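Here it is, the structure, as structure tokens.
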């Protein structure tokens, strides 16, 4: 089935894909698209409402141009999202595979580790990391990645157990295939769709966690523009300057919506039965 | 005596399925009758439209991806294909009941067998007290010879074997003494020893007077259990008649092929003679008579009529009908088949 | 469709019964509803450390003396009169004889006063502010209504200390009876008594029917903690709260313009500043510190970013602090700043981390400073640090080369000047590591004499010299701002934002 | 049934112990000293040390841990460094609002999510399906603090239908009334998850043969979908809701902040920022217990929902 047919049969891949591409483009072309330097302050022109030619989306509490900051903010969100999911999927994959494939003792042990991590409120885990290592983009990614690992681990573990029970895995083993070969050739490709679906939804929630962390005052340090910190900053003045929160909140919603649609579409395409 | 009015008479039943944007025709004007007390077999390879026929009668085809292109099905004086949903529901499970192929998945795993049968009774007899419902369920369970009906009442489907579950399905079907019992491949999913028992239960449980439509691809079953038989191929009826007539002298090459492909005790060790090729895909039906690419007669005579015109269903010797341009060229059943 | 109709009906039901619940939030005569930013953690005066606890407790437990309404002059309270010996070491206080404790815990006697002070310094309670009365040698009840305090050294700010929360008098009988429970069921002699508390929701005080002084002007006072600023504003504007603190300049302007509201802003006992660790490059070079003082446009920041929220700092200490001198003067001259940098051998500027507690109160000025200094080539990256980590590291040996913070002060300079100026306080509270024998001498002298004229003179010299070091760049004094609906009458705000409700009434 | 509960509880002990040990050390790792915070920036080193020693914070870590473990073994959660009140008391007062909020959130997620999922599944592929999916995805895409502010702004401040803050003045109605907006805020994200889970479970169930049998019995469409199919779909839905209860607890922190509700989330956040170790340890211990209880309930529900699962 060529690409066009896939898109036609699964519109959500098309719509989701377009949204994600637009956001990527905005992030990439931010320097050329944004009218001002996102960190340039103008305390006199503070909190100007949107709609003026000078500042299409108005200015924030330091007089910085909101539009420019939204464009640059896309960069952080598009780094935080996928990067933290990468960490979570790598850790989740190794632990999930080990638990699901080896089973018995390892499964019990890793299962316990996941339980402890899940019992441990993710906010606390993220807080501990940021408070200990200091609030930087890297630590934020690490914190979000770690807090999502158990979710990944659990999904992968159940997918692996499902696949491992299938006959084709048993027959591969029967034909003398080594464990690593079996995992690489038989198990991995079949759990890919589960991993992919969880990843796209996880990217969506990672962006939200970054926003919540900024909201709780533990976000990426100023003056870097991130959607989360903009919403956090703007929230305090929501009654007088709602445009800040809305201009930053909307892109978060659209991006997360795009990723979710993409995830749904891919899952439908890869695994029609579960659609 | 005048022949009695048929219980069910299906005329020109045409059903289409939707794939992406286009509609594909699965049934091309199926017509047949079923009389009171009669057992009619519907035979054909899988994909010939047997199940689609009965499911469209019961309105069980998916609403959004299938449609009734033409035809009617008069049952006890009313065209059930055009009844509004609410009316059709009153008939389903009461006047017409069905037994499905796979007993393993046809019962709801989370409800007890007794509950599911009682539900069928209560649906069509509102206001019955719990005790009466329970009594009638136990009665019906014992009619299908399920051991310890009281215990069976409160057991879950997964605790039953395949055979026992099919008996439960039969019990559910006959619970409201339907006038027409449709059995869609009731024994296919069961192993041979159980098949005989289930068929015996089916015959005996349905009681006199009610008609049965037996859908199967097991010619042996048709021989033993049916009065008349309808042979279908690629969404069309290609031959009908009394079972005896059709088995003795099949007038359609496909029916003959079907009968020839049965393993016979006598000729143990001999090779089976399968029908060459495989059933056509409804998206790309061959022109004229859909069977012509696999038809031995066509092979020999190469008459163009088979390729360009669809054979009509015409009377055949005896009481049935047949749809084949070259039926007259078909010699006596036995000799013809051995030589090819 | 059938299902949609069902869900719509369910939603409508939720909404209809909801309207039954909320009465229009009009004011109720005799009941004051105060919005505060944090829930109380304790109402035991000797254990208290935060402002919210203090503002509630001041209505329940009274001290020997208190500040006048709206300023920091001392006026008698439970002690109707007092005298100090020639050598300043012995104080005797005459107690009022008609004060009684709430809920029938009997009259106030000298024993209660002695018990309170011994409890504060005792080991059992492990009180956080135990060193506040470090200078006490002994305390004894010379008669049922008279107390004598002997000091180990003269203490010019003793009266101010006796007006603090930690020295408010508690009922000996109540403490011994309630033990740890006392902290959430305090017994005092104040005009209001504790009624009830719903955690995280409200603290309710009711009028003390048999108060010894002028009776309370309200029947009920409710303190409601609202941590989120937007919610606080929403609740205030909806009339659910009568009075709230203001921390946002845009909201402040809006409230000032609203005729139905009254804003009271008073320069608070705070000074916000940027600090340098003078023992580390590049800040060990005085020219660099001086250059920075020319590179920051303070006026623009305070006039615009903090419009109405703070007043330009013209002294190290806040305006309301005793013996405080206006020593702070800067001029904004980026060219001079660049010139000084050249002289300091840093022609093309430098880059440095500036540590800042991660709340808007500090990130706002830091972000503004960052932009100003960038113009003269000093590249600052603002590093917000979680408050607790910040203070612990700042007061450790390691400290921070550059940081932004605010220092809270008392009505008299004694405690803070000692911590800030003396070389003996390095590094814990003398963060700039300024060690100057002359300053040490002046401060020590000021802290030990009772002669206010001498104290004024030496403290002025010390502040003058301390400022000259440029160890700190003083930005502003944050105002203590409260806004209330006009139906709240005769409320007086003060520099400590202590929410005194002595004469407040509600007239809808 | 009881045997299963006992077995699960015993299996949960190591997780609980693991969680407490992890919490004890992680909190110590975070720089910052509770006494320094308590005394503020104007406290001299001597003052801080004196109070730290008095509170036993200067004892070597292993000693502190043994004392901590000893106390927990006897069920004593210790005393808050700041308020000196027993931690168990502080938690007890805040447990009810948080549990109410969490249940409110789950309720909203199910009441809105399930019908949406069923509708989408019943009309799979049509506009209704895409609309339901889109609307449910919205729940998970808009940050919950944004939803909270908007709801509070519209329904509380402007329309005055609901209180702008607090957890109600004690009465049943006022508690419920104060729960509506926060539960909606918390529930919307959950709704997205439940809707998608219900949709895929229902699609699977509707494809099963027993649904065809139910139709063949002449049952009404509503009975077939909402009773026969949904009853089977309930099994995966309950598991997912159970699994995500922990995630939901995380969300309460933000919602409690916006609606100024007292709750475990807020208590935990404040305690952590102030390094009030006993309170942090106590709350984490309780959250771990809640987490284990929820898992136990989900496990106990399984045999009830699915007869094929024998306890």
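Should a chain be cited, it is by its letter among A, B, C and D, assigned in written order, with residues numbered from 1 in that chain.
By our rule, contacts are C-beta pairs under 8 Å (C-beta built on N, C-alpha and C of every residue); 3 or more make two chains touch, one makes a residue touch a chain.
Remember, it's a predicted structure, so these values are computed and weren't measured experimentally.
At the centre of the protein atoms shown, by the Cα-centroid criterion, sits D. The two chains most heavily joined by C-beta contacts are C-D. Distance from the subunit A centre to the subunit D centre is 22 Å, each centre being the mean of its Cα atoms.
Separating the CA-averaged centres of subunit B and subunit D is a span of 54 Å. The distance from the centre of subunit B to the centre of subunit C, each centre being the mean of the chain's C-alpha atoms, comes to 89 Å.
In this assembly, the C-alpha centroid of subunit A lies 54 Å from the C-alpha centroid of subunit B. Residues of subunit A in contact with two or more other chains: 131, 235, 238-239.
Along subunit D, residues 30-32, 149, 153, 257 each make contact with two or more other chains.
Residues of subunit C in contact with at least two other chains: 230, 234, 237, 386, 389. The residues of subunit D lying in touch with subunit C in their complex are 30-48, 50-51, 54-55, 79-80, 82-86, 90, 93-94, 97, 111-112, 115, 118-119, 149, 152-153, 156-157, 160-167, 170, 173-174, 176-177, 180, 222, 257-263, 266-267, 273-275. For subunit D in complex with subunit B, the touching residues are 125-126, 208-210, 212-221, 228, 231-232, 305-308.
The touching residues of subunit D, when paired with subunit A in their complex, are 14-16, 18-19, 22-23, 26-27, 29-32, 130, 133-134, 137-138, 140-146, 149, 153, 200, 203-204, 243, 246-247, 249-250, 253-254, 257, 265, 268-269, 272, 280, 284, 287-288, 291-292, 295. Residues 229-230, 233-234, 237, 248, 250-251, 254, 300-301, 304-305, 358-360, 363-364, 366-368, 370-371, 381-386, 389 of subunit C touch subunit A in their complex. Partner subunit D is touched in their complex by these residues of subunit A: 11-12, 112, 115-116, 118-124, 127-128, 131-132, 151, 154, 201, 204-205, 208, 211-212, 215-216, 228, 231, 235, 238-239, 245, 249, 252-254, 256-257, 260-261, 264, 273-275.
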